[in-house]
Amino acid sequence: MAQEYGQWPESCWTSADIDWRAAKKITAGIDIGTASSQAAILCDGALFGYANLRTGANYRQAADKAIQMALGNSGMAVQDIGAIMQTGWGGNHVACATGETDELTCHAKGARFLFGPSLHTVVDLGAQTTKAILLYDWDRVRDFMINDKCATGMGRNVEFLCDLLQIPIEEIGEKSLEVPEDPEPVSTTCYTFADTETLGLFGRPEYRSEALTEAEIYASHLFAIAWRILGLIGRLQAPEVGDIRITGDLGFTGGLAKNPGVTKRIERELGVTALTAAYDPMLAGAIGAALLAGEGGESHGL
Amino acid sequence: MLTAGIDIGVENVKAVILKDGAIVGRGKGRSGGVGRNAAAEAALAGALQEAGAASADLSGTVATGKGKYDLLFADKQVTEATAAARAAKHLYPDATCVMSLGADETLVLTFNAKDKIGQAVLNEKCAAGLGSFLRKMAMLLELTPDEMSALPPVAPGGATVNDGCVVFAELDALSLLNQSVSSREIASALTDAAAIRACTVLNDITIPMLDCVVLLGGLTRNHAFVQALQTRSGVDFTIPSEAEYAGALGAALVASDH
Amino acid sequence: MDYKALIANRRSYAMDWKARTGGKVLGYFDPYFPEELAYAAGMLPVRMMAEREPDTLSAKWIYSSCYPVKAFTNQFLLGRFDYMDALVHVEGCNWMYNAFEVAMNHDPALLTHFLFVPEHTDAPTSRDVLRSELNVFKGKLEEWTGKAVSVEALDYAIEVYNTNRKLLRKLYELRRFYHTPILGSEAMGVMLANQLMDKAEMNLLLADYIRELEAREPAGDRVRLMLLGSETWSTDLEEMVESLGANIVIDDLDNGASYCWNEIIPLEDRLMAIALRYLGRPHSALRDNNWRRRPQRIFELSEDFMIDGVLIAKQIYCHPHGLDNYAIWKLLRERGIPFHYFERDLSLPAEETKLRLKAFLHTIKPGLTRLMGWHQPLNLEV
Amino acid sequence: MANKGQLWETRPLEFWARAKELRAGWQQSIESKEQVVGQGNILAIADWSRAFPDVTLVEDNPAGSMIASQSSPFARKCRLASEIRGWGREICGYQNTCWGSQFLGYQVDGSPFPERRFVVPLPCLCDQHTKRGQQVRDYEPVPQWMMDQCVYLGPRDEAREEAMIEHRAFSMLRQINDIERLFGQQFDDEKFHDLLTAYSLVDQYSRDISVFMANTKPTPLSIKDYYSVYTLGSLTKIDPDDAVNFWKLVRDEVAWRAENQIAAVGNERFRWIEAHPPSWHFLKYYRYMEQYGAVCLGSQYAHRVTAGCLERKPDGTLDRRNMLYYPKDTPLVTREDGVRICLTPDVRYPHHHKMDEFIRHHALVEFADIFQADGALLAGWRCGVGCTLTRKEQAMRLRKAGYSVMFYEGSQPGDRTDLDEKRFLEQLDTWMETQGLEKYAE
């Protein structure tokens, strides 16, 4: 098998310390995304196990595999879980689920779990959709913005671009930050435009004062993504006059949250430092779903 | 005289060694991003090996393709249009039109009475990256290139996706996936949508239809796509066996001019 | 009323109408097109429907543009509008103008006219210039049909159209009830069908339909939404909203509420009466620029129709509505009306739109949001 | 320019020095005086605001392009500021950049954005301009005077025009009266008269320049240079006499160059045309094309200055279509009549896309023919409706008429976001190569 450049390694973990048999309440959440799927199991509100894997073309299979991986060798079986909430793009395919809810609410709840109580603005950088969420109370959604149709699929496209450029996805972000100053971003309109532009940036110094370095090319691409996301965040609460601002602390979830080439640039433009997640930020949706499952299947914050 | 032509695209690099108008060696590999020069060197080495020659034997090396300016060792660069025109005219002296389908670019050329290029049309940005798009969708749907190539045409009343924009097409494909439509049916719809996008480039200058339209480029290996393009455009394409190496062939022909 | 069938059979309806009456069919797409005038000249004004079809043709004639305009162009080139004898463009959206040009140049036999309607609707001279333009158009119609447009014909047309508007307003009145008997998709379907038909015939159908609705058992609790944004050509968004337990009860779309909101006030000078009706219409986005009427109107409708939230669905690359976003967002935010803004094209991506709608509906307290205030005012100094 | 492949004699333009002086003088005049600054569009052939002592009307297109040329990152920030408040990507970057700076409240150097005291929105020409200036009124209520851009299609119809001109004249007169009343400014009718005659003369000179460019091979002036002085003709706020003298200077120099075969570009081998104003950052691409010996002759827009592009008269000579003619010795008319004269040609702007059938169908083919062009480079601006309208159809017609056409894309002339520079240059290479031209090494 040829080297895979565009994919995050799959991962799973099951707690060795928690005695699940003693737990009063066991709940699980499964988040089936278009590119990756996650499962999270909570015992009395504490994370007991999780899994993060590629979705592939079969949502049902991915869901089964995710929950099995999260259960690990703990001896717990699916039947032992009190309630299982499904969410995400394919969040209607999970055979063992007892409830279904929308992604935004899950991400809000999951992000508070991952980032703590000071969190007010969540930016979910998924493979397919990008969402900016403003929280209120403990974990309610006050307002949210989802990417324009033209800006869909940004996350997965980074994966594909890494594959084309043959640079591992874990490295592209760090590498892009090695530039002294960000070059002009490529097109922020559409990833097809952005890709064709990025692929053309190599070589040919006569067009520019000097040819772009490898790092500058990655920076150019990731800066464009960051810029597009910035517009989404800004729309949440644009002040009458002045620069973009956000309320309270900021947290990133989703696959691109692990790409500092995107997140650091957003932080720089906003002048803030984002909170650090206690676990893999891709788990926010699944953890949120598990928390919602624990609230007795109430699927939204009325 | 021995010349080399290298076609370095966004996905693959192809090298051809030409001896007195005949291909005597071919090489191919992935092109990568920063690794383009190395990839081209490797492809050229492969071609030379097949030709049983050494790089010192070459009297000229010409590069074409999106990465042509990344190659440190090429003597000259020519645009993809020139390379495609040279290759088509070399293979089919009667060609009246060439369509080249790459991973990133779709290109259509017509010849005028003097066998010079009359009009050249490059795809609009909305139709960029069709080859890459189909590969990306194959990855999403977990289908191999052979499976993509063997897809049936879109069935009447079958699933369809947006044909105006590949980004929207992808979104529609994901919706279909969620509605448990089979991967193959979705892939057929995507192939058709890509063919429609390619067809818009062709339509720009070739109505009424021209008699000998030569189809070149890597996408010609995808039979389902070619079939869909033929159906959508009504053009009966002439596809040479060297279609995939045509860019490199054209470049090598230019090299032999000097 | 089987509005779906009426919409689907629009071509055969128009052909049949032509055979029956010997009249000509006239296509238009701008909301400011003075239908009465064409109707008085014995023509059938029909709003053109943009429909998604595999499109290999439009790119040769037109670059980029919004998707409905691309679809129009493609449909023209495919001959889908072959039943139209005439096409009139009203000064307004430039992309639409481009489609008009393509149609005109592609088919020289098509009768075409360009009608200027002021974008500055409230100057004292606006009505004069519009009246002058209507007179020019009347002359053109007479040339096309070979017949003079009589005062009686004008009066009849005005009467038919006024009746039509009254009936459509009744439909909207039914939507005002908290437990309304009519769903948003049905109402929009009727609006769309209405714009494809001879109004004298449609009025009969409408009267029956309203009686039927009045007798219908009202539906239960549903989240009440308002729809803003670009014109629509289908009811798929309304249907999706309904599948999630909500209902669109009011809109401010050019081919929705704004189409029927005001009537012609009779004047001795019939053309002036028509001119005043169109200038006095609820503003379309492009014409809402001297004295703004849209934000205030949207607020008033939101109160009148007791809505819980607003959906703004803009066509991608629809700049008239893009230009109005600022004023409308600002108004909705200031008054604490929840809204969700998104862009769409002719097709609605099912899963992505559902994701938006579900999440949006979860932020609303049905029936109470409007009364209790959306959320506590946001403290920006957290 | 001593490019390899020199075919013709060439030498620098002499009017440059005077142009620079005028530009500097204008800069000084706006910096030194306390002005009532409005935002919007002049909407007429002559800049009427010049007839007020201290009124300046800033158009958001040039304001936006000035910001963009000063700092690309700041312009990007401006557009983002505009975007987050709802104005999307489909709105022209010129306006988004200018409005964005207003939303941010500061300019590129950090100083506060200058206050606008009135707004003049322009509808119709390109309908993205419809609400031009409106956002100023939305967040900081100031007076607004809107004026319709009335247009129609079909053969000239003076009766139809009359109502349109009256409609426009009413708006403009009201605007002038209101500015007098609100800002205590006196409108100088004599100066207005001078402006009209001056613009009329400038129009004739610019027509002559266009004729020289069209008739002479090699062209004595390329559009690259012409654009540098273009705004001194129709848009700027220089003194009317200065404008007339300057344009006479330019005309005379171009006439001399034409007579003596002095080329604008020494290696002219390929003449190409455009269809609309280029983006503000286009200079380097004109230069790039000159490496191939390809020289640009401009567009109908470029040859407009005050009215109409050229047409061939029955006797074979070239003349401007719809000449604005208001000679110096015309007796001083009333303000009302002046306003009507000022607005009349505007009803039928020939570079406009809405005009009589002949121009609309064949505008570019006719233009290419008159200017003896070899090909056309046409732009598709995804979000620039007014600049893109009918472009594809024109390309089709040009191709049919035997001209070679290249089409490139961007989001809009005021915004480089979508202009994939590398790809664009590759397209230029492709175009030139397929025309059998090779680049001369510098």
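Think of it as A, B, C and D in the order they're written, each chain with its own count starting at 1.
Everything below uses one rule, namely that contacts are C-beta pairs under 8 Å (C-beta built on N, C-alpha and C of every residue); 3 or more make two chains touch, one makes a residue touch a chain.
Keep in mind it's a predicted model, so treat the numbers as computed, not measured.
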Chain connectivity with subunit D absent, coordinates unchanged: one piece
Highest C-beta pair count, chain pair: C-D
Most distant chain from subunit D by Cα centroid: A
Chain centre separation in whole Å, for subunit B relative to subunit A (CA means): 35
Length of the line joining the C-alpha centres of subunit B and subunit C, rounded to whole Å: 45
Separation of mean Cα positions, subunit C and subunit A [Å, integer]: 39
Per-residue multi-chain contacts in subunit D, two or more chains: 85-86, 88, 380, 382, 418, 420, 423, 426
Shared interface positions of subunit B, touching two or more other chains: 66, 124-126, 165, 168, 171, 174, 178
Sequence positions of subunit A contacting 2 or more other chains: 89, 128, 148-150, 152, 193, 196, 200, 204, 235
Topology of the chain contact graph, where touching chains are joined (line, ring, star, complete, other): complete
Partner subunit D, residues of subunit C touching it in the complex: 59-65, 89, 91-95, 97-98, 101-102, 105, 114, 116, 118-120, 123-126, 128-129, 131-133, 136, 286, 289-290, 314, 316-320, 322-330, 341, 343
Residue numbers on subunit D that touch subunit A, as the complex places them: 72, 76, 80-81, 83-86, 88-89, 103-105, 139, 382, 411, 416-418, 420-423, 425-426
For the subunit D and subunit C complex, residues of the former touching the latter: 85-88, 90-91, 121, 123-124, 126-128, 130-131, 134-135, 138, 144, 146-148, 150-154, 157, 159-160, 162-164, 166-167, 170-171, 353-354, 360-361, 380-383, 385-386, 388-393, 396
Subunit A - residues contacting subunit D, complex: 148, 150, 184-189, 193, 196-197, 200-201, 204, 207, 227, 230-231, 234-235, 238, 240-244
Touching residues (chain side subunit B, partner subunit A) in the complex: 10-11, 30, 32-36, 66-70, 104, 125-126, 128-129, 132-133, 136, 139-142, 165-168, 170-171, 174, 177-178, 180, 183
